[in-house]
Structures are given as C-alpha cells and as structure tokens.
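Two complexes come next, and they have one chain in common, chain A, joined by chain B in the first and chain C in the second.
Up next is the complex of A and B:
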C-alpha cells in the first residue's frame, strides 16, 4: 500500500440555490493515508459538510464540484463516466451521517437495507448482513435483521449505519458529525468503534465535527475550516497545543475543556461571514484581533510552517504575536456562594402515566421521570445537573421552575413550601426564570425583539414607553445592539436569540435562573460568549443558577457544585472540583471517562440506558456498573453524606471501594467475579 | 465467526400484529355503531314517520295501522333495538314501493356501485400516481408541469359538468359510447372516466408533495451512499415511502364512492346504490333508505379499516402504535 487513499487538490464546490450561487468550498487540498484519521473542524456554515459531501458525491440539489481534483485510491474521479464514478464511490467510500434516527429508511427492515448494499443475494446476503451487524456490536444480529429502524435506540441505529458504510469494504470512511445527536456515553462507544475499524481495516477516516475535543482524541491530523477555506492543517497535537492561525487559537480559547477551570474563555467575537458575499481579503480578518490593513487586501496563500503545518495567515501567532487577553472585567473572580438555601426540592417525584386500563382507568404503565430527589440550591451558587438523556434532569428543572408539579414531595422556596406561599406566589414567579435550549423555537416569530423582552414587564403594570426603555436597557446589559429592538427573531443569529431569552428572563429581576441546555445548540465561539455573559451577570446581579446540561465540560467550567442524575435518581452531589477529580459514584466515574478529551481514565459506560419505564430493581445503575455486587441487585442505596459536601448513593462508593476491591480480589480465587454476576 | 448461529430462516414477523388488528377492529365497530345511531336518530327526529308514509288523504285509522305495522308505536328505545336487530339480520320491513325486502334491493344494486367505484378509483389512482410521479421526477419540464396543470384545471370542474361534457363529446358527437344506463362494459366507460378524472388531481397532488418531502429525507442520502442506483432510490426509497399518505387519500375517496357516487350515477342513470337511496328518499320509502344508508355506512367504515391495515403493512411505524 503506497500513496494516500484520498487526495484532494484545489476542490471548489458551488451551490446554485435560490439565493444565487454560493462558493461553499473554496479551493481546499488535503490527503488521507490508510489507517489515518483526518478531522475537519470549524463553526457551522464553514463548509465542513459540503467538503465531505463533495467527496462522497452526495451534494444537495444545485451543488456541484466546480474545480479541483479528487483522487480516490489513485483514481481521478473526473476521469470516470458518471455511472462508473457513482459505482466507484459506492465501492470505495462508506458514509456515516449525523442523525441515526433519520438516516435509515423507516419503511424497510434492517436486513433489507443491509442487503441492498451487498453484491450478494438470498441466504448468503442475510448471513453477510448478520455478520456485519455482529461486527459493529449489534447484539443478537440474526434476529435484528427483521427489526425496523424505529425499534432501535440511537446508538444501535448508528451502529447499523456504520455497518451499511462498511458493507462494501470501503477504503475511506466519511463520518459527518457521527455522534452529535448522541449521548456522551454512546458517543464514546461509536467513536471507539470507528477507531477500531480504522486500525484493523486500515481505513482512511475523514471525521467532520464541530467538537474539538472529539478531534483531539481521535484524529492524527486536523484541518480547521473557515468560510470555505482550510486555514490551518497539521498533526493534531501540534495544532491544538500551539496554534498558528488566530482562528484556531480562538476556537481553542472558546472550548471549556481547553482552559483550566477558573480561568476565562476568550472567544472570537462575531460569526463567520455569509458565503454568498465573503470578504475579499482574509475571510477571518473582520473577526481577527490581530488583523492589519494588509489582511483585508488579499486572501493569504497557503504557507508551510517549520514543522510542516499548512496555514493561511500573514499574521501567524508566535511568541511575540499573541492574541490579546480577555477584558479584565470578565476575569474577576466570583464571590463565594453562601450556604443559605434559596430553593430546596424535598423528596420530589414526578410520574407520567403512559397508559391506563381501558375500563377502570387505573394507571397501567408509568414513567417515573424524577424519583425522590432532595436537593438544595444555595443563594449565589451555580449548581449543575448532569446525566444522560432520559435521566430526568429537564423534568427536575421544570419542577423547580414551577412549570410542572411534583406527584410526590414538595418544592420549598426560601423556607416556605410553594403551596403555602399565598400572596408571595407572584414574587416567586418573578424570582425564578427559565432559559430554554432551542433559541429558534422558544421565541414567538411574530413579535419584535423589544416586545419579547418587554412582554413580562406588562404584567408588572408598566406603561408601553417605559417598557421599551427597560427593554433597551436590558439589551444593553446582555450585549445586544439596541438597533435590533424592532427586528424579529428570524432576522437575528442563534447567539443573539439566546441573548434575547436571557434579557427576557432578566426583565423580572430574578434571583434564580434555570438554564436548560441553554448553550447546547450554539457553536463553540458563541457558546463561550454566552457562558461569559452568564458569569458577568452572576457577578453583577448576584444571580443563582441551576444549570442543566449534558455537556460535562460546560458544567465543569460554569458550576460550583454538580448533581449527577441517573434514571430519575440523584446518585451523586459534590463540589465541582471534588467531583471531577475524585468521583465517588461508579456512574459519575464512567460518565467522566466518556467525555471526549477526558483525562480521566477508567471504564467507560457500556450499553444503552435501560428503559425509564422499567428501571432495574435495587440500585438502578447495577445493570451497567463495573463494580456491582449481589446486594446492588436488590437493595437500593440511599444518598449518604461522605463529608466535604459530597453525597453519594452507592453501596460501594469509589473512595471506600478501593479497600473493598482488594478484599474482592482475595476472594476471587474461590468465587470468580463473573459467576457472582450471574447469580441471582 | 458470527455469534448468531446462522439459523436457516429469519425470524418471521407478521406484516400486521394481532393487537393492532384488534384495536382497529374495535374502533371500526364503534364507528359503525355511531353511524347507525345517527342514521336512526335522523330518521326518527324528523317527525312521525308513519304520517309521511301514507298518502295525505289517508284516514287516522290508516295511519295508525301503518304505525303498528312498522313498529312506530313502540317506545323509541325499543325501535332503536329493533333497528339494530334489523341491521344485524339484514331483515328490514318490506319496501313500500317495491314490496320486497330492502336488503335484496341493496344487494342487487351494490355490485354495480362496486364495479363503478373500483373502475373509477383504479383509473384515478393510476392517473394520479403517474402524474404525481412525473411531476416530481420527469426529466423534461413539459412532463413535469403540463399534466399536473391539466389535471388541476380539471379538478375545478364539478363532476356533473364533466359528465355532461363527456356525454356530449363521446356519445352525442362521436357516437362511440352509450350515454346512459348499465348492462355492458361499454356503459361503464364514461362514468368511470368521470370518477377517475374527479379523484386523480387530489391523488396526484398528495403524491407529489409527499415525494418532494421524502426526497429530502436523510435516508435517501444513505441509500445513495450505499450505491443503490438512482432509479431504485426513486422507486424504493422515495416513491414507496411517499405512498403512505396517498393511501389514506385513496381510502377516503373509495369509501365515498362505495357510498354511491350519487351525482355520477344520476347523470349516467347507472343502476347503483346511490340512485337507489336517492329514489327511495324521493318516494319516502323509509325501509329502503334505512337499509341502504346503513349498508353504505358499514361499507365506508370497513373500507377505512382495510386502508388502516394496508397502511400499517406499508409503514411499520404505525404497527407499534398499539
């Protein structure tokens, strides 16, 4: 095997849409060798997916390759007839897509979809299909052939998509945001799988992702894309540790995991330019802190650094040419949180009735989304709630916000149960505000920005002119230009929309802000500016935050304490430092080990989350726990305080289990671990 | 190598599950009960049926005799139960006009309606699907645009006008086809054509919209990436998936037609069930009205049950909804 599997030279992709022609990819070059993984990173709208789809021949309607050469396994694709080219691509390229839930045909069973990709027919095709499923780790593969996509979990569906991609033994695997739609535990499993095939089958892998942490773990080389160009490309380690291009450095400074906790994020302000009308010079110049007049004249040519890295910049970073530090007011430390509880949930549960008996109407199937959670939120602190999807974190947030009511237990606000608040209820409604995940659907598209922000104020009985003035002041506070006051949500960017949501929440002068995945839908640089805003507001207004997020890096960066939930239960609660340095619950430990870019070693999460409708008996985590004992299968551990503000619900929390483990190892000669697990 | 021992046969999964069948059937029974109740109430709340059954000059005794004969002297609840018994046994009181069992009349007419509906519907479906498919996929713009435009224009024609125009052209001017009546396959042509042209546009439009929807679905891209030929992608991954909403449209239309395409049957004097019901209404032949309307309601519900089952076969996601 010699030469690269994929060699791309000067690729230009054009999209002729209704909005006129767009150069989506503007002359990119790179190559990938066998067994190598190249990561493409960048913000959304920078042409990452378009590059990948140009190579795979899956461009959307109106898209075509205008210039450049794509050589696959030494064969120039342009030299083939369209039909031969299609077959050649199908033979040599496997593609894994972003959303496994929609990537499979809902009408056909998995076996039929796999057979389509195979050159075999009949029984042989079925046997090969089952082999492929087995290879990607789908249990009971033969039985699964007749299952339909909607019967699979996201993780399993993505495994099936990978099996499809590998069906023709391709040389190149293109993975376009393969794990963005998946939980962190599943993400790790899928990326491990792709990694294993890369090594074992000597696959060349093109990994497109917005997540720098994923690339850091998985790719040997990284290409950073900005506005249709690759602006820096080189070995992963060198590029991430010592970026040359200011944009690369800006992306890294926006990533919570890449800065040590306590320091501040230093994101690139603004957004990538529209590709319909890009700046004439260096496309990053308008956002670049180091840009000079020279930068705005011509697009910088590709240069080669001393270590062989490619970059396009005439102001490369060096010891003397560095990005400016973030403004000082962002850096200032927050005051320590108090120990006065603002809100307390007392053994709160929330069950949803899924189906009822036809005649008696008695509940037949229930889902306990939150199961007896006791949790205090102290004034002035940021409390993070983490866990896989389906663990009940959003339901808990809604209960605390008073949007939903517990089926058992109660919420206590400033020492008073909500039910006893009486006339204090109005004040409480104002004091607790919520910011939602999706900045696109949580704002009324027909209202102007000013109206959206001022709407809650009308309940305070303010006159219209006064409301507008207050809205403008709030926009100032959250860093929105006042010129936007008469615009509508569709006219502003995602980051701006999230600021609108924040301003609306602030209009009530709240004490507690509940942020439910409020930054998950945003690009890293935008996410970082919003996180910085959250911090500034906390310092200036003395806010308390309840931060719901599946992104542990964000929580680590933002929060003083972290609560970990699993299947409706609170399994661990600890100060952030302690939790990340020394997790006590095996679930926390496995969750942390699953984070991309994690330094934490240890066993990662295996398998899928059990159905929340029928949680396992005993400790709910025992089915996935690497350290489970017989007792865990029958007796549910209660939340115990270990001191140092750490509480954990586990029979064998890790700090104690170290000694326990030794004991266990001594026993193992007589009763092997495996047998013990199979007892019951 | 494979842990799943290659057993000879794949696990068999029925295209429709028993719970699904049962729940849909239960729904159908409920719908039939509701429809029959409405039929019963509509006929009984409109005043004393007995006095409208006899001639205006009939004596009080005559009216009373008719009332007893048809059971109108019983309490409403008893009449309601008798009505259901009649439906279940098909044993309605004799027709006033033909002096035979109304069900015999219904069964005599229904095959005509069935043939017409099936011919009209098949024609309309083939036409609609072809036009919808062409409008989404044809290479030449004329094929994409023109048939769709023609069919849309035709949709604006009420069937009564369309029927008359067809009669003018093919029977009176060209003298190719009979203008009215039943009996020979030739008689079937014009009414079927009218019905077909009437339903084709709706089917074409639903199919087209559905195709355009499915075309943008992620799984189509997956199929292309697998190396499935573009033609197979269009047929198996786009068109077949796009049929699901069309099927519901077809079911509704077919149900309505089996209820007797009254207008078309009247224009062409087609001896179908719609004509029977309208005639009976005009003659105040209540037993026949009751029998035919009850029968039509049941057929309508059954057709929709069939469509539900078919769409569950076509769309596996629907099966797991109970």
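Up next is the complex of A and C:
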C-alpha cells in the first residue's frame, strides 16, 4: 500500500444556519499517508474542527460539503451512495473527541458500547472488547467491561474512546483536540498512545489542536488554518523553525515557551475575521504587519516554496522580509523582589463537607482541598502555583483572596491575621484583588463595561461622572478602546472581557493581584497580549502577582518563584529557574517531563490522580512516585528548606548534590525512619 | 452555562410567535373589555328585565347572551364580572411577586439560617392545599377584598420564592458576584446591583404564570361562595349560580366559564412566549411550575 490514506482536494464546507450561509472551510487540500500524523492548528473559529468533521461525516445540522473531493483509501466518497458512504466511513475512520465525558453514553457500560462498535457478536465480541481495552492500556480490562463511564477517570475514559475509535481497525484516526480536557500528565499518556498506534498499525492520524507544542511533538506535517483556509502546510520541523506565512510566525511568537523569560511576547493583534463576512483579499491582511495594498485586494493562491511547503501569501517571510521586532522589554522582570512578605498563608486548610449524617448532621465525608499550606508572597514578586486539577491551587487562591475562609490556619496580611485587621480591613479588601478564569461569568451581563469597571468605586461613594472618567482612564491603561464603555459583555470578545476584569481589579489600586487561570480560556495570541499586559502593569504599578495556572509554560514565562501543589499539599517551592532546571521533587520532575515540547527527559507520570476525598497515607504522591521507598507509604514528609530558596516535601528529593545518593546508601544500612530524623 | 445569565441586551428583537400573538391578543381583548365595561355594556349588571327571565342567547334581541334567573343581562354581567377577579388576582399576584422574589433573592444570596428558615416556611406552605387554607382563613377572618388578596398571596408566594431562590443560588456561584464582594460591596448593595436585575426576567415570567394560578384560585373561592359576594358580579360566582339550571339554561354557567378559560389560556400563551423571549424557559420547566 503506497498512496495516501486520505486525500482531500478543494474541500468547501458550508453551514446554512439561522445567521445565513457561512463558508466554514474554504477550499482546503491535503493528504495523509499511512503511519503519518498531520496536525491542524489555528485559533478558534478558523475551521479546524469543521474540516475534520467534514471528513468524518459528522457535520452539525445545516452543514454540508459544497465542493471538493475526499478520497479515503483511494475511494472517492462522493461516488458512493449515502448508505454505502456511511458504512465506508464507519469502517475506515475512527474519531476521538475532545471531551470523553460526553463521547460515551452514560447509560451503557463500556463493554456494551464497544460491542456495539464491533462487527462480532457474543463471546467473540466480549473477548475482542477486552483486547481493545487492554491495547489502550486500561488495567484489568476484562473486569472493566461492566463499568459505566462515570466510574472511569478522565484519562481512562479517553482511552475507552480511543478503543472505540480503533474497534473496526480504521485506516484513519481523527483526533479533535483529544487532550484539551485533560491534565498535562494524562495528556502525555494519551498522545503517547495515539503515537504508538500510528507507528504500530500504520494509522493515518489527523490531529486537530490549538496547541502548537502538541503538534511540534507529535505530527510529521502541520497545516496552519486561518479563517477557513490552510495558509501554510509542510513538514513540522521546517514550518515551526522557519515559518513562511506571517500568521504562522505570529502564532509561534505568542507561545510563551518559544521565547525566553523576560522578553516580551510578540503576538498577532486582533482576532480572526467572522466567516459570515470575510475580507475580500487575503483574510489575514487586516492583522498582518506586512500587509500591502495588494494583499487587501486578492486572495493569495497556493504557492510552493523551495522546500516543497505550500503557503498562501504574497508577502512570504524571508531573510529580507521579516516581521518587525517586538519592543524590547528591558525591565520586564523587576530586578529583585523584596523579602517583605505581603501575604502569608499559615498552615491553612480548607475542607468541604460532602455529606452529613442524616440525623446528627455530623460530617460523614469530607474533602480536604487544601491541607496545611504555608506560603509567603513577597512584595513585588510573581509567585506561580501549579499542579493538576484537584490539587487545591484554586482553593488556595480563593483563601488568599479572602472570598473563602480556611477551616484551619490563617491568612496573614502585612503581619496581621485577617481576623485582627480591624480598621485596616477596608484597605486590605482594596489591596487584594482577583482576576478569574472564566471571562463570561466574571462580568455581570446586565451592566455596561463602564459600570462594571467602576463598580468598586461606587461602593466607595464616588459620583457617577467621576466614575465614568476613572473607568475611561482604566480602559486606556489596559488597552481597551473607550468606544466600548457603553457596550455590554455579550458584545465584546473573550480577550476584551478579560481586560475588563483586569481594569475592574485595578480600579481599587491593589497591591496583590491573584490571577486564577486568567489566560487559560483564551486563544494563544490573545493569551500573549494579556500576559504582556500583566507584565507592563507590574512594571508600572509595582504589583505583586499570585499566578495560578496548570500551564507550566505560562508560569515559567511570568513568575519569579513557583509553588507546586499535589492533592492539597505544597510539595515544592523554588525560584523559577532552579525549579525548571533542576526540580527536586519527583512530582515536579514528572510534571515538567509531561510538558509538550519539553526538552526535559525523565520519567513521565503514570496512572491517574488519586481521589482527593481519600488521599493516600504517608506521602500523598507515593502511589505514582517512581522513587518510592517503604517510608513514603507511612510517614508524611514535611517541607524542608534545601537552601537557595528551594523547599521540598520529599524524603528523597532528586538533586544533583550528593545528599540524595548518600541518603539512598544510608537507607540500605539504617532504618529509613531514623535516617529521616537524623537529616533534620 | 445557564442561558438566562447571558441575555442579549442591547438589541431588542420582538420575535413574535403565533401562539404568543394569540395569547397577547386574548389578554388585551379581555382585560380591555373588562376595563371598558361601564361604557360598552348595554345594561347595568344589576338591571332586571323581569319580562325576560332565562332568555336564551339571541343576536337579534336586546340581550345578546340572554338573561339569568332574575332577568339580568348576561353580557353586561360577564363584562363587569371580570373586574373583581382581575383586581383581586392582580393585586395578589403583585404582592406575591414582591414577597416571593424579595425573600427568594435574600435566601439565595445569603444562604445560611435565613435560607433554611425561609425554605422551611415555604415547604410548610406548599404542604397545605391552598384551597383548604383559604377556606379556613376566610371562615375565621371574614370575607372581604383585603382578606381575599392575602389568602391568594399566601397560596402563591412559595413557588415564586423557590424559583427565585434557585436562580439566586446559581448566581452566587458566578464570579461577578465574588468580584463585587472584592470590590467592597455589602450584601445589600450586591443584591440591588446584581441579583435583582439578573432575576428580573425570571420574575416577570413567573409572575405572569402566577396570574393564571391566582385567577383560578379566586374563581374557585367565589364559586364556593367565599369570594366576591352578590350582587357584585364575578365569573366564579356566576358559574355557581347557573349550575342548578345547567340543563335548562346552560349559557348561564358556560359563558363566564369560557371567559375565564380564554383569559387563562391567553395568559399562559403570553407567559410561554415571554419565557422564550427572556430565555428562562428551561429554568421553569426544570423547576416544575406548580399548578393549583
């Protein structure tokens, strides 16, 4: 078998919705050979998913293929009757969806769902189903057949979805953002799995993702989509190292791990055009730094570069035609943060009561989201908190913001516990502000932008005209056009909403800003502009940041120090450089190895996060730790200072110094418990 | 995400539907006729035409819809007969909206013991059949306009309360409420600034639907003789009065019954249309609107 598995020529997909017809995909062509992975990247709304769903035959209502040819395994799909086409697709295409929770039927056990997808019946089907589960790495596959989807973790459920996709031994696997809903450690496992099948079964893989780093690791070739077109397509390495299209270059310049910390990101400003009414010329022209009058007139045709790459641009990047450099941000990071703690959490815990006794109302089941975390935030620094979902980082942020209250321990602001602030309470409330993750629920849909920004001022009794003036000034400061002042949140974009949230926080003239996953919901170019804004504000206002994020690249780019949390515990705290160069805790190490595009070698995380309702005894990480010893299962390590601002909670921290080796040697001769005591 | 928290304000679209248009026309027509009764009705509701007792409906006679046992013109009585139900049910409905929405927002926004207390109170209220409660209260306190309004308010506030409370609780988890707290707003300020405007669409729809419940309850009470007393005409009371002659003079009961039915149908259709317009339909269906 030589020819391509999938060959798409001039595909045009139209959506006839209530808002009129939309050309969602506008004449794209590509092919994928056996054992090859093609990554499709681009911002949201650029037609990535629509392209994939056109091929899979899963277009939403009103969507249809208007033009073009899709050949699968050499067979033109248009030449088949609708019934034969559906059958042909079912046998040749497997689809992995973004959210495993909705891709599985909650009322059917997974065995039944697998059997449904198999051409076999009876015992043979059961055996094959178990084989498939085993193949995708579901432990105890035979027992799992009777499990229902809600009994599986996100990672396992996604494995089942992959098993379903592979049930009929397809030739083509379409993975639409297969790991976006998953934690970084699980993401790596799932991508590894897809990679293994691609190699072993010679599958053609179409990987749709917004994450350029994922594509860089996994795809042999990349297609960059913009406003319904593929604007550049070619081998991954060449395309990412030496982009031809200004948009590709812009996407890369927006990715925090592609630039060194301390420099400013250089994102493409603006947003993709609406597909209902696209610009007539090159669709990227309005956002392009290199656009000429010609660009706005003609839609560039596909051209072939010297190395065989396809691109659509009449101003391709070259040595002489380069994007303008970003403004150099010399003091992006403050020289040295002070050592004056602004806020300190002192052994804070927060438990949520999940169920109570029916009669006595005594708590039966509790979840300890944060378990005894002591953390200082120094004035003027940026402190990052990272960890997988359920590790308690958001709860910690809410405790420090004072919108939730610890069940044990206390929060200390400028040396005074919150409960003793007295008359200083008002000042504290102004000084500590939070910016939320969800740009939708953080703004009241019934208020105008101006009202939202100035709302805190109204509680201070400022007159209306004065408030409006202050709101306008703040909008200027965060880079929002003042024309928006009378608009409502529904009328502005996600990035603009996030700026409104920042302006609202700034209206209080705060000292500490807590950013809880504030850029996670945004497209990469928008994320970059917001990160630049955070940087600028810190420089201009001397702000202190607490940055909560699951995205290690963002934290590395933004923060001076990083705290790593695992199941409610602080496991490591270190300056950013030290942490990323030489992580001391095995969890940190594994987490770093899981970052897509990471150079860091090391063992990746295996297995799932244990339930936070019943954390493992001893060291909470011991169930997944590659270096666990007997002591880890019973004795909980406390946070130890290793010097150089590094603290770690591990009996056997990974370290380049000799202490680690010595510890291991001593452990052979003396009781590990005693040894631990002696070290202190 | 709950659709109602993201309404598209700024551009107002009418979005009229056929059922919505029918509903609104019915309500406007019947309420209009009732209000204009003094100027359009052919006779006074208490005028007696003793030569024409039990006259059958006849388009060519003076009494188009016929007359009753004491020769009163049925058309005039039907036009006037809507005034008391609309007055009583309307006031009760407004009162119940103020009480139910106010307490609902308070309970949902504050939580804690206030929520527990008000919630139990509403549960107790719902556990008692409203008609029996009304009978007992009216029997003790006496039948008058004010008492009727109070009794109907008592019967209808819990459903308003429960729907508003549920919505307020979902609002409490929205970040903008927390942002307002961090901005230094007190609970009272936040309720006025954020909760009330956001529960308003829901409150408008529940109040509309509540009006039909209140009208039915008023009619039932009048039918039982505990509502509006003769000689003031009232649809419920007229249905009861005509009941004994159902075989001989069916129009006496059917005419006021049809009026009541059309009015309630109109209100339900308009309420449904409003719910769609204000995108709160899912919330009401989910909560299960209590029909008495």
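The rule is short, and it goes like this: the second predicted complex is superposed on the first by the 647 of 680 C-alpha atoms of A that agree within 3 Å, B and C clash if a C-alpha of one lies under 4 Å from a C-alpha of the other, contacts with A are read in each partner's own complex, and residues count from 1 in each chain.
Throughout what follows, a residue touches a chain if its C-beta (ideal position, glycine included) is under 8 Å from a C-beta of that chain, and two chains touch if they have at least 3 such contacts.
No experiment lies behind these values; they were computed from the predicted model shown.
Student: Put the two structures on top of each other at chain A: do chain B and chain C fit, or clash?
Tutor: Once both complexes are aligned on chain A, chain B and chain C fit side by side.
Student: Considering only the touch criterion stated at the top, classify A:442 as touching first (chain B), second (chain C), both, or neither.
Tutor: second
Student: Return first, second, both or neither, reflecting whether A:459 touches chain B, chain C, both chains, or no partner chain.
Tutor: second
Student: By residue count, is chain A touched more by chain B or by chain C?
Tutor: It is B that touches the greater number of chain A residues.
Student: With the two structures laid over each other on chain A, which partner does A:430 touch: chain B (first), chain C (second), both, or neither?
Tutor: second
Student: State whether A:491 touches chain B only (first), chain C only (second), both chains, or neither.
Tutor: second
Student: What angle, in steps of 10 degrees, lies at chain A between chain B and chain C when each chain is taken as its C-alpha centre?
Tutor: Placing chain A at the corner, the angle measures out to 30 degrees.
Student: Check the residue A:143 against both partner chains and state whether it touches chain B (first), chain C (second), both, or neither.
Tutor: Touch status of A:143: first partner only.
Student: Can A:91 be said to touch chain B (first), chain C (second), both, or neither?
Tutor: first
Student: Using only CA atoms and the superposition described at the top, report the least gap between chain B and chain C in Å.
Tutor: After superposing on chain A, chain B and chain C come no closer than 6 Å at C-alpha.
Student: For chain A, which residues are in contact with chain C within the complex?
Tutor: Residue positions touching the partner: 401-403, 426, 429-430, 432-434, 436, 438, 440-447, 452, 455-456, 459-460, 487-488, 490-491, 501, 504-505, 507-508.
Student: Hey, which residues of chain C end up touching chain A in the complex?
Tutor: 1, 5-10, 174-176, 178-186, 189, 193-194, 197-198
Student: Once bound in the complex, which stretches of chain B touch chain A?
Tutor: Where chain B meets chain A, its residues are 1-8, 10-13, 217-219, 221-230, 232, 236-237, 240-241, 244, 314-317, 320.
Student: Considering the complex alone, what residue numbers of chain A touch chain B?
Tutor: 56-58, 86-87, 89-91, 93-95, 97, 99, 102-109, 111, 113, 116-117, 123, 126-127, 130-131, 134, 140-143, 145-146, 148, 150-151, 161, 164-165, 167-168
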